Each structure stands twice: as C-alpha cells, then as structure tokens.
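Across the two complexes that follow, chain A remains constant while its partner is chain B and subsequently chain C.
Moving on, here comes the complex of A and B:
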C-alpha cells in the first residue's frame, strides 16, 4: 500500500530550496538534450522535406553527394530521350542536367569563410523543384552573371543582400533575388544559370541529372535500364530517397547530444541523490513513525522513488518549456556529405519532448534509488530514538 | 482476573552490545497482562521501560525469551508481517507526538487506515469519530504546528485508536505536556480501557499518572520488582 502522493508533494514544497536546485539541474540537462537532438531532427527533416515524388535523381555510381558526382554530355544525351522520362506539352523531355560547384565565401558576421553550394540550373530544373519560390527580387536572366541566393543562407553569408555583389575566382556575381526552399535542402543553395555556371567555373561535365518520370514503374525501369547499360556508370534513384539518405551530418550531432546529456545527467543524478539523502536524514523519525504505524519497507522505498521521479518530472517539464522557444529557429552547420554550409532549423517534436521527460524520470529514479533504500532499511525503532 | 491474557512475556531479555561491554536493558522479565487492563509501567530512567514497551508493541525484538500478544508469538513474524500486525493490533502513542508535520490532523489520523481495506465514506467516518473522541473534530484541517502540545498528543491518540486496535501503548505520553493537557490525555486512555475494553500499557515515572491505571508494575535495572 502506497503513501499518498500529497505527502511527497508537501515534503518537496517544504524543502523548496533543495527542490528548486534539483528541478533546475534536471531542467538544464533535459533542455540541452532536447535542443541538441532537435538539431539532428531538424537536419533530417530538412533532408526529408526535399524532393518531389515524381522525380528521379541520377548521379555517378559511388557518389553520395551531387558535388562529388560527374556526368558527361555524352551520357546525358544518351539517356535524355528515353521513354521513361516524361515530356512536356511541346514534346520536350522534362529533365535538367545541373552543375553543382562549391565556392568559398566570407561569412556575414565573422572573418571566417564558409563553403557554399552553387547550383547551375536550367529552366526545366526549376520546374522540377516546385517547392522553391522567389521571395525577393527577381530570377536570374540566362546569360548574365546573376544569382538568386537562399534567404536563410543570406542571413549567414556576406554580400548576399539583393543588389549586392560578390567575387568568386576572377568573376563578380550579382545577387538579384532571394529564394525560399520551404525548409528543404535548397535553403542551403545559390542558384544561377547552368550554362553561365559551366562557363565561369570551366566545367565540361554535369554534376547530376534530375528527371520527371512518367510514373513510378517508369522510374524503376529507368533505374534498371541505367544499371544494365554498360556505357552509363550512373545510378538513378527517387529524388526523395536521395535526399533522405543525406543524414550523415545528423549522426555526429546525435552522438554529441547523447554524450552531453549522459555527462550532464550524471551531475543531475548526484544532485537528486544529494537532495533525497538530505530529505531522508531530516525525516528519519518520520519514516520510523510510518513504520511503527504499519507501513512496510516497500512503501517507504516506493514513496521516496516516487518523490525523486516527481521532482525530476517537474524538472523535465521545465526543461521542455525552456527549450521550446528555440523551435523553428534557423541555424547552420557544415555538411558531412559535401562540407558545404547547410541551413536547417531546431525541430522540437512531441516525441522528442516525450523522450526528454522519460529521460528526466530516469534521472530521478536513479538518483533516488540509494536514498530510498536507506530510508526503507531504517528500523521502526528510529521513530523513538532521535527526539 | 477472569479476562484472558492479552500479553504474555516469558523470560524476556534484551542485551545491547556497546563495544566491549554488554548493556542488559531487560533481564529475564516475565509478565502477563489481561484484556481491559490498564497497566502502568514505572521505574527510574534507564530501567528498561521503553525497551519492554517496544518489544510488546512489535517495534523491537528481544534478545531471548518469549513475547506472545493475543496468542501470536511475535518471533514468528517477519518484517512485513510484523508491520501488518502493528497496524492491526497496536496503537502507539509517543512522548514526542510524532505527527507528520506536512499532514493535517485529519490526514495524520487517516494514515494507519490507508493500509486497511476501508475506503471512502466509511474511512472518513472512522477518522472523524476518532477525532471527535479526543475532542478535536474542529481542528481536523490544522497542521501539527498550528496545534498546542496537548492537542498534538490528542491527535496522536486519535491516530493510535483509529484502527480500533486491542492494544494501546504509550511511552511517557505526558512527558512533554502541562498538567491540564496531561490530565486530558490520561483521562482519554483511561476511558479507552474502561469503556472500549482496550488493553493499555502506560510508561511513566509520574506516580499521579500511574494512578490512572488498574495496576502498576516497577522495573529496576531491567528487572521486574516483586
């Protein structure tokens, strides 16, 4: 039979100083855990948000990222009229051969530099990526040295305001507009005309091909036809699948998050333990009295475990509340796929919060176990000894 | 002396090991207490009164000898069984009241009942009856620190009797009280033995308090006199 919960509640309120310290400790741990994990979730979400289910991405076999892939003009010409690829109203295949270039540019708020991904794109390529929209300025004009940069990237890179110019190599590019990638991987890109990009960066080859396929079966057929064609050392896969596999960057963040949380939780466990040991010490006579009244050891044990879990749960809830304002906050890191700047946002999911709370309760239970055992081992006679 | 024996103690000893020396707190004590008796246990400080009371109440175990309460040999009960047994059979009144400071008078009295099958209205009725019996029904929502010492001890008595145990034990219950409060407390204990038929054991070194009982026994150096 358990002691009533209000008994624990009032005890933690009476000992409010220690209670607040413990709650804050747990809150801090949970907030850090949730925030770091929400970065990993945000990164993965940005990858998962990218792509159109009707598109197929073609890259060189063995390339995990577009930036390390190469496709020759001959290879492109060989496959662009295949019947698996959809046609537009004028009978032209809906396919775009893009060139992806990595450039080094100064950051906006420091002297450091960042690698930024420039995509040379065709009108078809833009049509194939409908989630990208113009939010300021205008689109670039083919044949001119103009770029449209991601609005979110513009917050982090120097000279990315509309109308500004920046140098790359011996060329000067003018920013004529801002794009928005609807929280996708395109939020980390700079777009310009494909031919212009190939000319200023001296690229003969393309980096990737994006094609609209007639239907899913056609997509699979295209993939297997490329696979079996000896002239094409390429690989085709659904665009959505290509991007959702780009989660390598999230992994070290997850590991870091787990490491940080584990290290900090050891501190929180000791804080909770300390609080509860003090509580057991101060309540020795009370515990003995409960034993005299007929409460079993098990009741005392569970009462202290509940108290520890309760404290930690409140800390966990506070940690969730503290981390919540960061939800949707845009940030960037260096991609582990391409080493370019990737823009994404903190993403606090309900599941992440639930994990944070479970984590908090676990900290509370571990921290209260030893004090609870000490309390449970007290003999009833202590009710009478220490007056 | 027709009532059946409630407490039967035979050759009970309690020896505390204190480093090299053994402290003999109880030295082969034998005692029988009958149902409805109000026994006053007297003796100088350190004579073993509390030790004897704890053994009878199942709070402590003797080093040797027998202690049977209502036919049950307490030696045979394990920790959990003994806890249950205390809940059902003993009402314990402490010298220092031992109320739970964060719980109200009502909640303190309710504590032993939470271990029984009693639920809802029946439980409320029983708690209120106990509080009325000690004359503190109007203080049910007070915390211990909002009560006087005498009131605290009466709440503690209500808590001891709320499960209707056959045996009430009190270890110097008036030791911390003024004479009027002490008188009130002793009157309640006396009434419990007289009209409710409870067996009461009162430890005291005050002869006036002992006079409330039906019989007085004296301990000295762990031994029962005559």
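Moving on, here comes the complex of A and C:
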C-alpha cells in the first residue's frame, strides 16, 4: 500500500527552511535552463517566421549570406522574364533584385559598434514581403537618400529615431520611418531605395533576387532550370527554406544552455540529496514505525522518491514563473551567418517549459534516490530504537 | 582535544553531509571559474606580441566593403610605415564541411616576417611559401586538427568570392597567439577569381610605438573624402570592436554567473544551518559549560568557512589544473585557445567562497545566540 501524499506534504512543510532552499535551488537551475534555451528558440523562430511561401530566393552558389552573394545585371536580365515567374496585372514579372550591404554603425547606449544590414529594395521587393509594415513616419522616396529602419533595431542603434540622420562612409542618410518585420529576420534590417544603395556603396551587382513564382511546381522548375544553366552560377530555393536554414547562431547558445544546465543540476542534485538525507535521518523512528505497521520497503522508497520529485516539481514551476517575465523581451547579438546584428527575443514555448519541468523532476528523482534507498533499507527494530 | 580538532570533528561528524556540501561548493565554483574564463577569452581576446606595432585599415562603411588596391602605394609613402600587406578574408569551407571551421587570409608572403614576426617556421618553409604562388601556410592547431602536414593539399570553397581554390601546404607555423589561420598569396586570390584590384583590409607595420598615433591618423586623413574612406586603428582596437558585436551575450553570461553564485549561497547556507540545528543540544551544553557566545560563533564560523574553503580548493583547483594542463584548443576543436585562469579570476572565486562561508554561518549563529540554555538542553534532536 502506498503512503498517502499528505504525509509527504506535511513533512515538507515541517522542515520549511531546508525545503525552501531546495525548491529555490531547483527553481534557479530551471530558470537558467529555460531562459538560455528560450534565446535559441527565439533565434530560430525569427528565422522561421521569415519569408512568403510563394516566393523563391536566388543567391550566388556557395554564398552563406545575402550580403556576400553577388548577382550580375546580365544574370538578372537573363532570368527575370522566365515563364515560371509570376506577372502582375500589367504583365510585369513580380521580381526584385536587392542589394544588401553591411555597414558599421555606433550603438545607442555605448561607444561600441554594430554591423547592420542595409537592404536596397525596389517597390516590387516590398510587395514581395507583405509581412513588413510601416509603424512610424513614412516610406522612403526612391531617388532620395532616405531609409526606413526596423523599430527594434532603432532601440539599439544610435541616430535611428525618425527624422534623425546618420553617416555611413562619406554619405549621410535620413531616417524617415520605422518598419516592423512581424518578428522576422527583417526586424534586423534597414531598408532604402535599391538604386541609391547601389550608388552610394558602389555596387555594380545585386546581392539577391526574390521572385514570386506561378505555383510550387514552377518554383521547382525555376530552381532546376537555374541549376542546369551553365551561365548562371546561382542557386534558387524557396524563401522560407532559405531563412529557416539560417540558424547557425543558435547552436552555441544551445550548447551553453546544456552545459550550464548539466553543471548546475549537479549542484541542485547535491542540495536535494542533503535535504532528503537530513529528512530521512530525522524521521528514522517514524520510518521504523511505518515498517512495523506493515508498510513495505517499496512503499517507503516510493514515498521518498515522490517527496523528492514533488519538491523539485514545485521548484520547476517556480523556475518557469521566474523566467516568464522575460518572454518577448527583445535582445540582439551577432549572427554567424551574416556577421551582422540580429534582433530576436526570448521565446518561452510551452514545450520548453515542459522540458524544464521534466528536467526538474529528474533532478528531484536523482537527488532523492540514495536517501530513499537508505530509508527503505533501515531495519525496523534499529530504526525504532534510534533516538 | 585542541579547538581545531574539535571543529574538524564536528564538521566531519556527518561525513556524507560534509561531502555533499563541499562538493556542491566545488561544482559551483568550478562553473563560476569556467564561465569567467570563457567570458574573458571572448571579450578580451589574447593579444599578440607584435600587435602593438600593427595598424589595421578597413573601409569606413564596414569590413565587408572592399578597398581599392591603389591605396597601397599611398600608405607606403606615409612616414613611419615599414610595410603594408593586403589582408583579405577568404571565408572558405574546407573540403565538404558545412561551415567555416578555420579562417583563411590572402596576403603578401614577402612581408610575412616583417608584419607577423611571431609566426615561427623553419627557414626552408618560408622560402617555399614565398616561391610557390599556390602555396599556403597553416597554423599548428588547425594542422593538428585535420592531421595535415607539409605537402598536403587544402581544397577550399569560398563563401565570399565566387571561386574554389586548392592550396599546397608549404609550412606549418606556431608561436602566434592564434595558431589556427591559413595564409596564402593575395596574387593567387586575384587570379583564381577573387576581385582583382580590390582587397578587404590593409595590415600595416609601423616602425615604432611612438609613431603609431601619427601614422594611424595620417592613413585616415589620406583617404578622407575619397571614394573609399578608410578607418585605421591599432590591431587591439580592431579586435575589441569585434567583441562589441557580441551585443547582449556578455550581460547574459554575467547574469548567469550571479545566479550561480546566489544558488550556491542558498544551498550551502541551508546545509550549514541544517548541521547546526542538529547540534543544538551540544551547543547548549557548551553554553552551560561556560563557553561564551563569541566562542560558539567562532566554532560555527570556522566550520562553515572550512567547508567552503575546502570546496573552493577542490573547485578552483580542478578548473585551474584542467585548463592549464589539458590542451583546450584540442578539446574545444579550436574554439577557445588559451582559456587562461588568471589570478584575478581565482581571487574572485576565492572571495565568493569566503563570503559564502561567512554568510552561511550567519543564520545558525543568530539561532544559537537567541537560544536559552534550558531550551537548548530540552531539544531532542
């Protein structure tokens, strides 16, 4: 017969000091685990959120980022009228050749600098990216040296307020609006007129081409046609797929999170063990009594295991609660793909929290196993005689 | 029985608890030291001996915008400049690897010894590198990682330039702070399909430290209001500007360290007070025998301090031994190079341990101070 849960509960409350310490210990471990992992999740989410499933992205073969990709005007001319590319009402192909330039700009609150991606974009390019919207000011006027910056980037980079001006190389650009990328990779970009960008950054070539395809089969056909055309050293793939592959930066964060979780959980296991050993020691007579009353060894064992797991579970829940306020908090670091500032947010998914709770319970079980075994193995007579 | 042995006996009475307590302190301090060392290496990259005399020149727009090759002659004429070499990041992937695992730079081999004097290589390897345009030299860390030796071929596909190249290893160098990189002829890059007439950066060797500020400024001024304005700065400043790119990661690791320390204090303090509570009766007996509060505090403090110190010695000692003697470059596949445990980091960790010992003894001390002898004697367990 199993021991009632209430027995564990009361015992835990009686030794409240040690209980609170153990619970808090587990809570902090779980909170660190969840927070670090939520960064990795947030990074991957921002990549996955980017793109339109009807679009195909074309970049130079071998390039890992748009900023290091190059497409010549001839190559663009060659493919922009291909039948696989959709046309608008006036029969014009819906395709945009963008130029992406990395620029170094000062940060807002320190003397440090950041790399920021400037995308020179055409009206078609903006139509192809409907997830990007204007949240303040106005769009740039083609032909003028004006930019629209991401609102999230504006919080981190100096002189990014609407109406402000900043210098890049020997040119001055005016910020006329803020854009919102709906939590996508575009939240890390600055947009301006493509021709202006090409002229001030001396770019003869484009960086990438984004095209709306007629349908999915046309997209595949376009990719294979580019692949087989020897004049085009390019690669075409669905835009969504292109961005979702850009998750290299999340890797080291994941590794850091796992390392921390492992190291800290060892400490937490020790803490749980200490508490439960003390608990077993103090309850020696009780355990003897329970055995005499007919409770089996395995009931005692499972009772202590349950106690440890419960303690840790409460810690885990507390850890989740502690980390919750960070959800949605936006942060930034250097991307390993584009070597520029990438903005993302802490993203606490239910699955991540579930993992944190499972992790907590595991810590509790491992920590209580040895004390529980000790309790179960106590000979009843000796236990009853102990003071 | 001396007082010291009394304290030791007390501390070790419950051996299991003492062990768990010491170990949890040790694990936490090990973690703390590891994080600090990693953070230091990332945010304060090791500096080369020759760095004090090197100036890095890049495009003012950003490092990814190229510089025209014609700038070289202008820089060379600036007084105080000893040598100028192009230095272009190739960004190549080795064989069929998914991502870049070591950096390759195209430069002028004739100036290798002048600008990067730290690299040590046999004389004949220098000559072989200079003579053959398809040759390269490779840092020992990378060479060891891929078991490459002189004469082997290194196929690379660039992620930045539209070309693939195959280089022959002419030499393997060591002695720089970062023995990971591959260096090859800039001429070969131009011919293989790089962008002839353009380079990514200029690396300049200056004659003396005194001339550094003047030369740096002269280079900046030389190309002001040209089509490619430049930014010249010391190698150190250049390195540190990359560190700033990490953004919020640094704050994050700092906060994690704080949480680790806090957890540590919590757990140890709880264990300590647990140990004292179990011993309430004995302490009451001591009190009855005429020991004063002050002496009881000293007992508790000594015990708590001793446990924390032991944990610190094990934790910090393990970290120090591991990071000093094991080859970190090999263990981390060349991600971390020096992983140096500095006296400062050891001091910080020791300080944390010491404060921990003191804080953990506070709660039990207060409890003992409050307890009346009669009450303490009545306590059963």
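Following the convention adopted for this analysis, the second predicted complex is superposed on the first by the 385 of 387 C-alpha atoms of A that agree within 3 Å, B and C clash if a C-alpha of one lies under 4 Å from a C-alpha of the other, contacts with A are read in each partner's own complex, and residues count from 1 in each chain.
One rule holds in what follows: a residue touches a chain if its C-beta (ideal position, glycine included) is under 8 Å from a C-beta of that chain, and two chains touch if they have at least 3 such contacts.
What you see is a predicted model, and the numbers here were worked out from it, not measured in a lab.
Asker: In the overlaid three-chain picture, which partner chain does A:332 touch, first (chain B) or second (chain C), both, or neither?
Answerer: A:332 contacts chain C only, not chain B.
Asker: Counting touched residues of chain A, say whether chain B or chain C comes out ahead.
Answerer: Larger number of chain A residues touched: C.
Asker: Return first, second, both or neither, reflecting whether A:277 touches chain B, chain C, both chains, or no partner chain.
Answerer: second
Asker: Now for A:295: first (chain B), second (chain C), both, or neither, which partner does it touch?
Answerer: The answer is first: A:295 touches chain B but not chain C.
Asker: Applying the touch criterion given at the start, work out whether A:353 contacts chain B, chain C, both or neither, answering first, second, both or neither.
Answerer: The answer is neither, since A:353 touches no partner chain.
Asker: Answer with first, second, both or neither: which of chain B and chain C does A:383 touch in the superposed model?
Answerer: A:383 contacts chain B only, not chain C.
Asker: Is A:62 touching anything from chain B or chain C once the two structures are fitted on A? First, second, both or neither.
Answerer: Second partner only, chain C.
Asker: Please indicate which partner A:14 is in contact with in the superposed arrangement: first for chain B, second for chain C, both, or neither.
Answerer: A:14 sits against chain B, while chain C stays out of touch.
Asker: With both complexes superposed on chain A, which partner does A:4 reach: first (chain B), second (chain C), both or neither?
Answerer: In the superposed model, A:4 contacts chain B only, not chain C.
Asker: Please identify the positions on chain A that touch both chain B and chain C, taking each partner from its own complex.
Answerer: Comparing the two interfaces on chain A, one with chain B and one with chain C, the shared residues are 387.
Asker: Touching residues of chain A toward chain B in the complex: what are they?
Answerer: Where chain A meets chain B, its residues are 1, 3-4, 6-7, 10-11, 14, 285-286, 289-298, 380-381, 383-384, 387.
Asker: Could you list, by residue number, the parts of chain C that touch chain A in their complex?
Answerer: Those in contact with chain A are residues 16-17, 20-21, 23-24, 27-28, 30-31, 34, 59-65, 91, 99, 157-160, 162, 164, 225, 227, 229, 241, 244-249, 252, 256, 259-260, 262-264, 266-267, 269-271, 273-274, 278, 380-381.
Asker: Give every residue of chain B touching chain A within the complex, in rising order.
Answerer: It is residues 50, 54, 57, 59-60, 79-80, 83-84, 86-88, 92, 94-96, 98, 100-103, 107, 111-112, 114-115, 159, 171 of chain B that touch chain A.
Asker: Quick one: which bits of chain A touch chain C in the complex? Just the residue numbers, please.
Answerer: Listed in rising order, the residues are 17-18, 20-22, 24-25, 28-29, 31-32, 36, 39, 60-65, 67-68, 70, 101-104, 107, 110, 112-115, 156, 168-170, 201-202, 233, 248, 260, 263-264, 266-268, 270-271, 273-275, 277-278, 281-282, 331-334, 336, 339, 341, 387.
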